[in-house]
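Just below sit the structures, each encoded as structure tokens.
In the two complexes below, subunit A is the common chain; its partner is subunit B in one and subunit C in the other.
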Partner chain A sequence: MVLMARTGLALITASLQEKLVYRFDLIMGLLRALIQIFVFHQLWAVLFTGVDDYAGFTLEQTQTYVVISMSIMPLLDRSFLPQVNERIRSGNIVFDLARPVYYGNLLLYQGLGQFAATLLTTSLPLLVFSFVFFSIAMPDSVFTWITFLASFCMAYYTAFLMDLIASLWGFWIASVWGLFYAKWNLLQILGGMYIPLWFFPSPFKEIVLLLPFRGVAFTPLSILVGGVAPEELPMALGLQIFWIIMLLWFSKFMYARVVKKLAVQGG
Partner chain B sequence: MIKALNLSKEFKVRQPGQGVLGKLKSLASPEYKIIKAVDDVSFEIQSGEIIGYLGPNGAGKSTTIKLLTGVLEPTSGSVKVAERIPTRDRTRNAYEIGVVYGQRSQLWWDLPLIDSFQILSAMYKLSELRYEENLERLVSLLQMEEFIDQPVRKLSLGQRMRGEIAAALLHEPPILYLDEPTIGVDVVSKNRILEFIQKLNQEKEVTVILTTHNLADVEKVCPRILIIDQGRIILDASQEQILERFGKKRLLEVEFEDQPFDLTLPVGEIVKQEENKLWIQFDRDQTSAFDLVGQFPRGRGIRDVSITEDNIESVIAQIYEHGLDG
Partner chain C sequence: MLKIILLLKWKSLKSQLQYPANFLIAVAGISVIGVTDILLILIPTSAFETIGGWGFWELGFMFSLWKMSHGIHQALFSSFWGHDNLVRNGEYDRFLVRPAHPIWQILTSGFSIGAITEWLPSVTMFIITSSQVAIEWNVFNILFLLIILFSGAVIEWAVSLFISGFSFWFVQTQHLRGTAHTFLFRAMHYPSHIFGRAIPFILTFVFPYAFMSYYPTHYFFAIDSRIYSDFFPYATPLVAIIALAIGFAFWSIGLRNYQSTGT
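Our next item is the complex of A and B:
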């Protein structure tokens, strides 16, 4: 276990350092997120003109939701698909599959390194900026914070597993950009990254709430802004756990299929 | 150590179709073509051997390496590496093998070379002491002191390749696969790498499988040679056996004092004649250079004589070109 942690830590640190090499990339990401935050913050203000609440949610709750969502989105919507596909095309995947560490874990460690880099360079600055310039309602209860953090950790893992499945699917496809954008858009819309799912019309809303995508953003964010009543909490968290188990099983199943069918040609 | 039995690997390749219509048709109902990259291959490699695994481009060398490393699953037949089936026991197999591909890199491109070693050390769960010892030995043997702190992307090819080899050996695997490790590398770096491979084999008894197009490399370090062509092993023999069987031709070059003359020889064949020089090819089983020279009419002054013998390089080039019977 200790040795396992050491392997993970080394890979996470390496990926963090790699990420920090590209300063321009980081600055552009930050800029893009800032513009998005500003636009969505204003958009909701306009939509709420003349009304006190929509579907039982206030402007402040909604603005808090989207501002935090935009700030943490760079942590959740990263994708390994292009990178994995590039390694398949170049054939460099031959190294990854001959390591003493499961390929999914190699990617997870790399993802956690990128997570740390993005948190330090993008999400934290964005959160600080938002707290200074926007009125944001944060929960007072410690319990809410703890459940939010637990839910957020699961959100990250859910996002990772979905991306792993997409990346493994990419083993069969020559060009992955179609899949890449499909996954990205599904995550942003069905995950409730731009629009909180409570604004979705029935019965669309009820269906979306059963899907795994909500676990990537909507569940932790709605917990944070007080959109989940205490009696609804077990269901919300339970659904996250359920989908993590399903996705984990499915990703292992896909990996077994992928390595059986793998064809690396040339060189 | 390594056992391959009736090993085959087929690839299903989708045919893209020709022109717009063909591509549209293939979009609706794709057509596949089966390519046999490795076809019923069997061999056994003992611990401590250095094998030269040769063959022209597309012969199936790299596919064999991928089957041995456990990256590819065989279509039929079996592989055993250190008593294990590599695809079934990927992670355990990883500790037994080191792999270097000349045209690929396993190093972390943007980080200093030393960082790659640290990451690999953690990945293979080496103790601090073992890591330090192995690293020190590899750095001094491969002479990496001056560039170990440089980012990998700034290294020259020869430097990087030494780094790749060190990366593959850091966890002291008993088996090393080298897939064209000297491709594009300059003579000095190349010799350093070859000497290192020999040393490694002698001191640590590492089993080495080397694929390359550079036959001089093979001649230098590989006592045993396997040749694969169109997915099949066509030859598995020691250097001596190969020379014994195929390297029978010698070339005698004679330079006379004055213009040559008509000469008929009972054995041997005049292949070239130029001013006062004569080239005679002969089979060393049939005659010797000494006997040939003895056949020249007396009174013809000979200024110089030299003999060129077939070596592994020329013999294998012949086998590539004409097959085993050529």
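Our next item is the complex of A and C:
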């Protein structure tokens, strides 16, 4: 356990140092996120002119949602796809698979290291900035915060599992850019990162609400802005758990196929 | 010259077509971006009718102009996206000893399948939306449309070329490029005038992407520009020439400053 904590800390420090080497890039990255926040903050302000609420959701809720969504987006839409594909193409992947640690967990630890580094260098500064300059309303109930954090942890894991599955496809597809963009775009639009799902027209909305993508951003964020009534909470969290189990099963299934495929090829 | 470019592009495309299944998966995957684009316009307009006075069809028409221009950019000019690597890997050492100008050598390298994945959705969007908005098409209009589309691609390239110039000093410019791309990929779905003052200013005078679709749309709808000058709906070709001149000048200064990284 101590060893794991120490390894984890080392990974986080490494990711953090990597980020701080390119300070200029880091600052430009923040600027970029702020532009995006500003664009969508302004979009909803214009759309809500002369309108009190849409389907029960106010401008303040919507703006809080998008501002926080875009601040935490760098934590959730990171992808291992190019990195894994590079290792598959170079053949170095066999060394990763031969390690005593399950490959998925190896990526997860790396991902958590990057998560901590991104949180400290990108998301927290963005959130602080947004608090100061944008009108956003945070919940004051402790219960809401706890459910948000629980849902957010599951959101991260859902995003990770989807990325793992997409990365494993790289064993069958030589050029993964299509997969990379498709995954990224579906996550952003169907996950509700740019537009909260409550604005989606029916029956499209009802379908999207059943898909796993909502668990990546929409579920935690709508809990945070008070868009989920207490009686809907078990359903929202339950769906996240359901999809995590399904994705976890599917990733293990694919991993087994990968190992078998490699064995057949004999390296 | 154009003939050589097209020939080289065709050869690059053919090399990608060696693996047809791969190629199709990539095309399908990247085309998902087109679906996202439509949803970014469709969902807000289905909830609130109009954005800044324009409905779904108007915005769709405006966006299809941008996407078609972007498609031309992807087909002809997108090799500059990897400019950092050209400097870092010392590719310029090779470019500079060859007789052809480095710009030609970079432009002719590689084929971005973006050309296909942008054109398929955008032309479809253009055909559908242009039949839903009130535009009287005549020879002059269509000629202007073609000029606008090419000029738009040149504007996008001019900014890209300008940013490429920085990589002679900083080596890493991907986030600077990313900043321009945030405007390019996230602010073009909506009319610029809804964004207050700062963003329209940037989209007009810093990264003049508004000239790719926002201003020309006013010309096609025969309406006056809400921001800045009434001349701007006609200005796209002029802006393209000026922007390219500035971008090329800056890149050339950078090139004179080029020192091999030694790799």
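Basically, the second predicted complex is superposed on the first by the 237 of 267 C-alpha atoms of A that agree within 3 Å, B and C clash if a C-alpha of one lies under 4 Å from a C-alpha of the other, contacts with A are read in each partner's own complex, and residues count from 1 in each chain.
The rule is short, and it goes like this: contacts are C-beta pairs under 8 Å (C-beta built on N, C-alpha and C of every residue); 3 or more make two chains touch, one makes a residue touch a chain.
None of these values were measured; they are calculated from a predicted model.
When the two structures are aligned on the shared chain, A:229 is found in touch with neither subunit B nor subunit C.
Legend: residue contacts after superposition of the two complexes on their common chain; A:142 is shown touching neither subunit B nor subunit C. Residue contacts after overlaying the shared chain place A:132 against neither subunit B nor subunit C. In the superposition on chain A, A:43 makes contact with subunit C only, not with subunit B. In the superposition on chain A, contact is made by A:178 with subunit C only, not with subunit B.
Using the contact criterion defined above for the overlaid structures, shared-chain residue A:9 touches subunit B, although it does not reach subunit C. Legend: residue contacts after superposition of the two complexes on their common chain; A:188 is shown touching subunit C, with no touch to subunit B. Of all residues in subunit B, only 11-12, 37, 62-63, 66, 69-73, 87, 90-95, 97, 99, 101, 103-106, 108, 110-111, 115, 118-119, 121-125, 179 touch subunit A in the complex they form. The touching residues of subunit A, counted against subunit B in their complex, run 3, 6-7, 9-11, 14, 17-18, 21, 90-95, 97-102, 259-260, 262-267.
Touching subunit C in their complex are the following residues of subunit A: 22, 24-26, 28-29, 31-32, 35-36, 38-39, 42-43, 46-48, 51, 54, 173-175, 177-182, 185-186, 188-189, 194-195, 199-201. Considering their complex, residues 19, 22-23, 25-30, 32-33, 35-36, 39-40, 42-44, 46-48, 51-52, 170, 172, 174-176, 178-179, 182-183, 186-187, 190, 194-196, 198-199 of subunit C touch subunit A.
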